[in-house]
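Same chain, two partners: chain A is paired with chain B first, then with chain C.
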Partner chain A sequence: MKTYKFQLLSLFGALILLTSCGNNNGQNKSSGALNSSNAEKVYVAPGEHDEFYAFMSGGYSGNLTVYGLPSGRMFKEIPVFSQFPTSGYGYSEETKPMLETSHGFVPWDDSHHPDISQTNGELDGRWIFINGNNTPRIARISLTTFETEEIIEVPNSAGNHSSSFVTENSEYVVAGTRFSVPIPQRDMPINEYKGNFQGALSFISVDPKHGHMDIKFQIIMPGFNYDLSHPGRGKSHGWFFFTTYNTEEANSLQEVNSSQNDKDFIAAINWKKVEEYVNSGGGKKVPAKYAHNIYDEATHTATSTMKKEVLTVNPLDVPGAVFFLPTPKSPHGCDVDPTGNYIIGNGKLSADLTVHSFDNMIAAIEGEKFDGEAYGIPILKFEDVLAGTVKSGGLGPLHTEFDGKGNAYTTFFISSEVVKWKLGTWEVIDRKPTYYSVGHLMIPGGNSRKPFGKYVVALNKITKDRYLPVGPEMEHSAQIYDISGEKMELLYDFPTHGEPHYAAGIPAELLAPKAKKIYRLDENKHPYAVTSPDQARVERKGNEVHIYMSTIRSHFTPDNIEGVKVGDKVYFHITNHEQDFDVPHGFAMIGQNSSELLIMPGQTKSSLWEPKQVGVWPFYCTDFCSALHQEMQGYIRVSPANSNIEISWSLGED
Partner chain B sequence: MKKASILMIIGALLLTSLFKFPLWNIMLGAPQYPEPLGMNIYIDGIQGMNEFDIKNIDGLNHYIGMKTIPKPKDMWEFSVFPLVIGSMSAFGVIIGLLGLFGKVGYHWFLGWLIIMTILDVLGMYDFNTWMIDYGTNLDPKAIMKLQNPDGTPMSYKPPLFGHQKMLNFDAYSYPRLGGYLMGVGMIFTLVAFYVGKRSKITNDENTI
Partner chain C sequence: MKIIHLFKVFPVAVFLIVLYSCKNEVKEEIITNQISTEAVSQSQKGQAFIEDESSTPNVLQIAIKSPDHTTLVAAVQAANLENVLVNAGPLMVFAPTNAAFKALPAGTVEDLLKPENKEKLAAILKHHVTAGNYDKNFLKNLVKQMIQMLL
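Moving on to the complex of A and B:
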């Protein structure tokens, strides 16, 4: 097992720095010395491992990428909401059901906000959740296989943006709607939005044992836009906070019409109260159609079921469960500090940050100091809940993360910088430019009770000249800063895949030891698996031909197949018999209207081929598996539709 | 003689550790195997260091046409060795007990050790013979047929003891815990012999 020597390495680096300071008195301020120490801080020697995993959302790639910090090296792209020809995800018969929705097969989405499961408010490294923004879905990804295990569609939602954030013990993964829509959907004039459209906030329960998700309830809120959210933690555990914009309820030219109110709201939801209400029979079951797709690791196969109804809750039916906290200037990010007391609304059209206090909020609620209501939901007085304002001097605050040492770090999109400020005194401590126009930022565990405040990564929206030019379209840029000292220090700059929005980081030692190396062949329950080569065979069922094939370095069993006819539906079911770490086999068939399959040791994958032309057609292994990888190939004879050649197969026969 | 007999009994009992711990170990490391593949050789069979090591060694060996690693039923040694070790241990304990009650002299301890040493040498010889066969008796249709510079077919026999470079693999062959405990046991019986001998001389002198 590799050890995580980076701390040692950086200590060593610090030692060198100290030594060099001693040797070059007065010269240590040269930029050369500074640069070399920064290089050492991100240098992970060949064969060494990074200190942190970083999971970056893929944005419009629909996927999730895995990076190492501080090196910025990318390790894997995990296919989530998008077809992925590299592995066959979304193309193989086993994984097609993962992308089923109430709208049919949707092969793409826009993934935004990964969040790692928590226990007692700390990262536990079991699963990572991520939202599909476009066709509202939440995915759960295993952090032992690093594969997507489950996707649940979210009905009554549109633009699944204030998602997918987990509560302190992963009781719920929460999904809020960005667009308000008619609930239920119906044919009506768009300009009758106001008062008719509504926004659903969905609380999806997570089974503590296997992680399976189920929509426990949806709170049907007024027709605002629910932008981002975060859970309460510590003393505010049991609450969830959502920023809103478009409290104007405009339905057109929102960039102007949704920016008229000086203050929008942060919606504070006492979900524990709603849960109690629901558990005692409250709420209303309404018809809804949404897909629930589960991938089973034992059968290596996903199944999709269409659900028919969902439990909705009218917030007015649960007094004391929902309040509005006025928050200036169309707040975007909604972040809760590690103690759970401060709720930060990042007013994106403002220069200032608004910090609400949970204690103040509870006092205001208990004192019933309301400032009117919106659709029956009490609005608290801004001055009563406000803890402080950060006069940042920046412009366009978006998101805030925490280092666990009493500091907060906020991104400013318009002024393109990260600003470090102190919780409680609200004073700005430091600011560093980003390149360019930063969106989210990420400190490993930075939105939990226990942040690992060593690095912050800025995830930028604009790249321009940061790297060698590659034409108009390019990857997004990220910067990593050392935040272990009083001042932030820019260490390194690296491109990221797709358009990362949020990211989630976790110490490597929490995940690496339990990462799976192979799937056990003796646990393979795939209905078409062959667990020994003598079970390999070809069966005809009408015009369906099922090829039960096995692979091991360096041959397919069988590799000569005859008796297939034009018009047949030929299913390859391929089981990789390797039980050795990092020995996948690939499979590709000439002319197949699909992607390859990449089959991990012990795994079975299937794909469909519909031969259209008579001939003898080759297939081969696409993964350079061994010295004899080039020999890993075979032929299928395709005869005319009316021929009467019987199915036959062989391996190594002359 | 009491001390000597107890040493003899302990020494003979240490042999039984071979029923629990491996006698020998062969490790195979290569650039592609930063975590080396390994085999533990027990008196009743061969097991992988990790669960799938034997399967993976067999998988690699098929390129050079080696036979698969033998299962216990494939080799008579794996049924005979436990009997031999069990018998020798019991025999050692018996003569130790007899020595304790003054029924046999210290020479019996040396006799046991000589028999055990002969059996060990025979065992090593047999082990080496098996490895020669395993490493040279290759499938004529092997995928890779490699030759030494002088044109003779390359042998893949692992070293009997120590390290050897074989193609991309570094092979290491050393005794394992069971083997070491057997060695310690045999040293105990040698000490038992000397202690017995000295106490005899001292007793004789006292008698005089």
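Moving on to the complex of A and C:
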């Protein structure tokens, strides 16, 4: 019976195939799997390159993944907030300081919203920033080495979610707290939240030359939840907009208690005004403890500094700097269109989108048309600032991106769709399903002055049946749509790693030519580097043994070491002497309570081994570097703690 | 004949001719650098063609810059072997100079450079490459040992 059914089905399928072949001759309009042009649109032939880079946040992986668009191929996972045994990030002596915080070593975080640095409101491809949500941190990643260069902790913050978005000239990367907390932290009853907890919005300055970050000031706001944010641009440059929810200031069962108010707020912050106030001596320095970790490319080493104070600003001290724009239904996404005039608040419990007008807002402020205040901060009248409402017919709007051609694209979590609508007329032009429960979406440059409106990628939260099942835990899925035409066209599905929240895309031509190929050995300033094999040596300092080792295809120098004893702390300092693109060497030591090291050409990395057992123990190269990779190994003789065997080392001697 | 080590360039080691020259009779011939343009355009892809100002020059880039190896380079290009030569290796290339090619019987090189002989040319060129990481002293000792065996 089953076979019969199957045969019938195949026959039927074949018939469809035949008819559709005939139909396709006459018309272009076809959809689904038989539309071969969709395949062509995402097909990047072997050896060819993608048109865009897409940087997807790793969510609970704590990292950042790099994909190509339109192919959906993953190129790299960049370790940011999480230890990464693949490269030794967070395990090597050089990178352990990157994960230091005021709470000590925190080897994981929840990375959310990558944003690429901008100049004049356009992507400049110098750095990408991303927030750690759990133990509040902001990271800066180089877009030449594609490595994390800096992490700054954000004090007075918790659930660092309305982060890490950059202003139009990367003056600031901004981090807002999702969870309000006692500021400063103190021992107090939780149910005294209301009126006592506060929310910090942190403006972190970015050095225009090196990108180094420094918390310039924190605005201490009422105890709401600051959910998402985006900078003003063009005419609204100088302002920053944050959605809020839980203006009820509930401290328990928030799924009910934070949805009581019909409207929450978008907080509009005139940061230029606050900056002037601070530059002329305003604000209050308060004690705080937060780590600032910087990786130096020349020494290949990170250092961690604990900062002791932060400058805070009471918004009431800067009149005209902070206003609340009423926005319905616990708004989530807060997006600003390329012209800078429209501020879109997506009420996640609503069917409609609220669009505020910057011009209206300025007029209302100038006319002092206020509708009361909250904790002294003026509330503007909803009707005065509203530009329009998009009657979408969807459910659960979350985030909006722009194509630079006057259109906006909004995700709907509950109804699992992307809706395209027109700025100004608010009419819905198209809607396409996503699979399933889409969160953010991304158009390269889609939240800048200059979007590259060719593709939109939907980042879905739920995968279910989209791929072959792999047990209860599955990767998330992304869908790429062609948005070059009037209607969106679903092109392709691909899995993504971790839980991508937001993503940032940029044309490949802006990054690829400046991607670093090797680190120059003659520029290596690592204190334990050996720049030629004859400098390789082993030194004992008490119970510390420092092995200055070099690697080149296909040996370690030295590869025979004696005189190490049980109880020693053995530091391997390994310099890769290759100066060829894509020839890393790996290093792994049997029984080492750590990860491997993967050392790039010209780089030095160190790791600690504490031998516990007498014997002769091998180490080897973990990267298949050459045809003689299997020969790339060595031995360390470990003698008893009371042995008097002197340190010695060799290579190629009998 | 020159040895171009994957990492370093070695000076001429004349004795290697004994080991690696062809059995054919030696005659003088002028070799033109004619290469099939089709072969070139096909071969312009892959790891040998990455624009890279920062890495140390590889064996192919060294050969291209050498005025004594123009015939070899032309032959490598005709045989589409560029990507093989810059592989992670370790490879040692026994690189015949232009003079060595000239010593081949008349017409040999022209014949090998014809598109239909591409595979034959590739096979011959691959016999000038050996996998391994041998230094000059190792090779000298090897030659000594071989000569002793012959005596």
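Following the convention adopted for this analysis, the second predicted complex is superposed on the first by the 621 of 654 C-alpha atoms of A that agree within 3 Å, B and C clash if a C-alpha of one lies under 4 Å from a C-alpha of the other, contacts with A are read in each partner's own complex, and residues count from 1 in each chain.
Just so it is clear, contacts are C-beta pairs under 8 Å (C-beta built on N, C-alpha and C of every residue); 3 or more make two chains touch, one makes a residue touch a chain.
On a predicted model such as this, the values are computed, not experimentally measured, just so you know.
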item	value
Combined model on chain A where chain B meets chain C, clash or fit	clash
Chain B versus chain C as contact partner of A:625, first or second or both or neither	second
First (chain B), second (chain C), both or neither touched by A:579	both
Of chain C and chain B, partner touching more chain A residues	C
Partner chain(s) touched by A:553 [first = chain B, second = chain C, both, neither]	both
Clash-bearing segment of chain C, relative to chain B, as chosen among 23-31, 113-121 or 131-139	131-139
Doubly contacted chain A residues - partners chain C and chain B	518, 552-553, 579-581, 627-628
In the complex, chain C residues that touch chain A	6-7, 45-46, 50, 52, 54-56, 58, 88-90, 131-133
Chain C-touching residues of chain A, taken from the complex the two chains share	47, 516-518, 520, 552-554, 579-581, 583, 601, 625-628
Residue ranges of chain A in contact with chain B within the complex	518, 552-553, 578-581, 627-628
Chain A partner contacts - residues on chain B that touch it in the complex	35, 51-52, 55-56, 59, 63, 143-144
